[in-house]
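After this come two complexes, each holding chain A, first together with chain B and then together with chain C.
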Partner chain A sequence: MRDRFLIVVMVLFAVLISIAPALAQSTAAGRATTEAGSYRVPRTPDGQPDLQGYWTNSTYTPLQRPEGITRDFFTREEAIEIMKKAAAAESEQTTPGTIADVHYDFTQFGLDRNQGGVPLNLRTSLIFDPPDGRLPPVTAEGKTRAAERAAARKRLGGPWDAAQNQSFSVRCILMNRAGPPMLPGAYNNYYQIVQAPGYVMILVEMIHEPRIIPLDGRPHLPGHVQQLTGNPVGRWEGDTLVVESTNFTDQNPFAEGASEKLRLIERFTRVADDRILYQFTVEDPATWTRPWSAELPMLRTDGPIFEHACHEGNYSLVNALAGARADEKRRAEDAVKKSSQ
Partner chain B sequence: MPQPQMPGRLARWVLVTVAAASVLWQSTPVASGQASPYKAPRTADGRPNLNGIWQAITEASWDIEPHAAAQGPAPALGAAGAIPPGLGIVEGGRLPYLPGAAEQKRKNFENRIALDPEVKCYLPGTPRAMYMPYPFQVIQTPKYIMMVFTFARAVRTIYMDDHMEAPADSWMGWSNGRWDGETLVVDTAGFNGMTWFDRAGNFHSEALRVTERFTASSPNHLLYEATLEDPKTFSRPWKISLPLYRRLEPNAQLLEFRCVEFAEDIIYGHLKKQPSQ
Partner chain C sequence: MTMNRTIVWAGLGVLLAAAPLAAHHAFSAEFDVQKPIKLTGSLVKWEMINPHSWFHIDVKQPDGQVVRWMIEGGSPNQLIRLGVTKNTLQVGTEFVIEGYLARDGTNKAVGRNFILTDGRRLFLGGSAPGGDPVLK
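Then we have the complex of A and B:
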């Protein structure tokens, strides 16, 4: 246990180090929109605002504002305290000696988000519009669709009856929060941005997801050509990269229920040498009663990004399915034994 | 299409011509790409501009060795599933397998539906990704040259600075790159030994080391050459070469080929719950 305590202390130290540069800045990432004015964004040789480098969007800030909080922002002291507690809780989230502890020992395998740095975010939720920090109400059509999907899932049988009954995340097809919009989770929250004339490319570490964004003003794909992560088209608005994505399938795992009418606008603004403000607006009139917007900072970090061959190493799916079949076999054998007694 | 800038064009042309001439003097007869008289447009940092969407046009994806047409492994597809004939991309025609490895190749071919990593939508490895029948895109910067492939959305990062030995084994390998005049030279190692060269079961071990040379031979062609060394599998190093063609459609772009879904029944189907249970 003493080792574990030491690790937690080390983790907290790492958190404080990653917070430190944020403290030195005059404003919090949450208000970074105003910061952009004073910072001169470097340029690539072909004149694009330069977003290149390795970035992390790790955060402890929830997408939706927790119940009971009515403010948009925490004070700096409150935010730091919340991050420290969250980091400590995350490092201790498995019970020592259990299987879960061996499988997901967050302090040992670099899975801890704070090991890579978490930018300080004073916002109480990533959603800033609607102003209550909560997802807008779901439309009647959206509710019907959600119910139909739940019924369809039920018809497939139990979650471990077949690989296809599992989520895209478990099947290593697309992590449900990798988006777009690109939201972080507990690990693999790293991104590499490269720019060449006419293109921005974002390599999302999670399941090696490359996002190639053309800047030549080309039209979107024909409407019936749909892709899980949509069809992105980018443009520069001043120093901000604006990426508009349409052509989503109705299977986009994002937010549990977006429809194929989803239109996503992402905005990337470099607000400091070590920071990009990432904002997005979700429009899907078939699902939500109004558009909604969120923002979070991306903090400069170190590379490289390693190959995340998720599908290739998906032993857990094989083992879980095999375990389910073994359980069924044992139960069937037990039933035969009982009936013969 | 990205339009490269050409600052100091004349000066660079002179420099490049001198560099290319010196390469010519040293070049061996087989390295035809080095003798190409073509000079690619330049990037802002003065390098040959390899940006673009490229694709191999070859039957090597079925078999990198010369081969006649044959019935495919899925006869239900009839002629649509047949193996098209091709002259291959291997210099000298045949791979110099060690005796045990030749036997393994034969077994791979016999069991290719079960064993070919492509069937399972696994990352295709290097060099296989380069000549699969799908487009890939090069995004070139001074420090990193990214190659994004249609199949399995595979990505190669070529590190132009900060060269290091592969920190961990991987499917696509770890690539360090450098410029040799008109040619991008990429040294790739750190493989996990689980990738193949083609659908015919040609394979390698984790000891594979690939040295690739990319040389523009016209505005719309790259000559792609690679030397492959794997002393655990082959008796000597061997070479492949093929042209890569620029995709010229005005709206050319990589579309999602998220192939995991198409492979799940093959990988996990035997673990499905049976109705009788």
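Then we have the complex of A and C:
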């Protein structure tokens, strides 16, 4: 108990001494926040801006601005209060006998986004452009494609009729948050950046996805070569690493939905020893009426990155398919019983 | 409370609803929320595998027969970050599991609470954030 009290005191102290720089970075409204200070980005031995290390982009800030909020930023007090409430909600045991309870939470298995720290973010949404913090309207083409995809899924049968009817994430092929763009969720929000001459490697803990980004100015792959995570090429713009990805497939798992015409531009700017500002712009005229941009901080955290060998241990998919077969059998037996009555 | 504040807190409700603990798969497809279960058993094997760990336990039934169960647990990545490793629980450790049965009718369940025989809950010792986020 005493230990717990000490931990709380230490956490509060850490909050107090760290809020000031975070505030300065967070209020720079969608700009590379190096403008906000005179931070000198360290260099690798070969002279590149040094982004190396372990980072987390855990956040309680939603991608889109919640209804009823019309501001870009919360005050520091509001942001801390919201994070406290969100963390407390994660710590609570869910209500027995509810769907939510057949799920993981902190109480159950320590599933929370606090473990590596959460950088304070005053933004009311990760999206800062359009200025309303919401995804732009979907184009007519985007709506048609979404309807066609839904119809194609329906033709496959029920979601648990076959493994192939399940999403890439359930099948452990690729998690939609692993990116790119790299968006956080409740767990595995950890990244390791390694730089070598001519390359940057970002190891994404979620689904253990290594992103190898060449910096030698090579062109993108030919258009007919398409990859689930696209084809990235990188360059330095001042101290900012800019990664442009194209050559996506039409099955891009990106949760917000996109077409193979997706062009993604990510920007990594080290704004403090313990922080990288991660920004991205999504251009996909076949899906949205205009490009949109979001940003969130990445906080230095402790390594190592743990393996996430999802497929190897994915009993869950088998169990769920077996559960669906058992449900079918029960329904068939009930129908026989009814008809013989 | 000012109007502005009220809007902020209303917005917070939306924010929390919009950020659920989306885990890896559809739990309601794998487990049946209508079938809660409480098992007392001893640990036989602990598979620290992703995306979810699995605890194999032997449960002694009232008739004396021992039945093997598999209980789904959290991802090793989270457990290890909380200081829970494969050495935390020794084979043979007795504990009570409250959870929900698998839909397929086999001896599988998802664990909701892991309680040691002395009443302590597993995985939470000293690590729970007490509702305060580790802000940095």
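To be clear about the criterion, the second predicted complex is superposed on the first by the 288 of 341 C-alpha atoms of A that agree within 3 Å, B and C clash if a C-alpha of one lies under 4 Å from a C-alpha of the other, contacts with A are read in each partner's own complex, and residues count from 1 in each chain.
To be clear about the criterion, a residue touches a chain if its C-beta (ideal position, glycine included) is under 8 Å from a C-beta of that chain, and two chains touch if they have at least 3 such contacts.
Fair warning: this is a prediction, and the values are worked out from it, not measured in the lab.
By the touch criterion stated above, A:39 is placed in contact with neither chain B nor chain C. Of the two partner chains, neither chain B nor chain C is touched by A:73. Of the two partner chains placed by superposition, only chain C is touched by A:186; chain B is not.
Applying the stated contact rule after C-alpha superposition, one finds that A:119 touches chain C and leaves chain B untouched.
In the superposition on chain A, contact is made by A:325 with both chain B and chain C. Legend: residue contacts after superposition of the two complexes on their common chain; A:161 is shown touching chain B, with no touch to chain C. Applying the stated contact rule after C-alpha superposition, one finds that A:236 touches neither chain B nor chain C.
Considering which of chain B and chain C touches more of chain A, the answer is C.
When both complexes are overlaid on chain A, the residue A:82 reaches chain C alone and has no touch with chain B. When the two complexes are overlaid on their common chain A, residue A:274 makes contact with chain C while staying clear of chain B. In the superposition on chain A, the residues of chain A contacted by chain B and by chain C overlap at 160, 172, 306-307, 309, 312, 317, 322, 324-325. Within the complex formed with chain A, the residues of chain C that make contact are 7-8, 10-12, 14-16, 18-34, 36, 47, 49-52, 54, 72-82, 84, 100, 102-106, 108, 110-113, 123-124, 126-136. Within the complex formed with chain B, the residues of chain A that make contact are 44-46, 52, 157-158, 160-164, 171-174, 192, 194-199, 201, 203, 208-210, 212, 214, 218-219, 221, 225, 227-229, 304-307, 309, 311-312, 317-318, 321-322, 324-325, 328-329, 332. Taken in their complex, chain A has these residues touching chain C: 3-4, 7-8, 11-12, 14-15, 18-19, 22, 60-62, 64, 66-70, 74, 78, 80, 82-91, 93, 96-99, 101-112, 114-120, 124, 159-160, 169-170, 172, 175, 185-188, 205, 274, 299, 306-310, 312-317, 319-320, 322-327. Of all residues in chain B, only 1-5, 43-45, 51, 121-123, 137, 139-141, 144, 146, 148, 153-155, 157, 159, 167-168, 170-172, 194, 251, 253-256, 258, 260-261, 264, 267-268, 271-273, 277 touch chain A in the complex they form.
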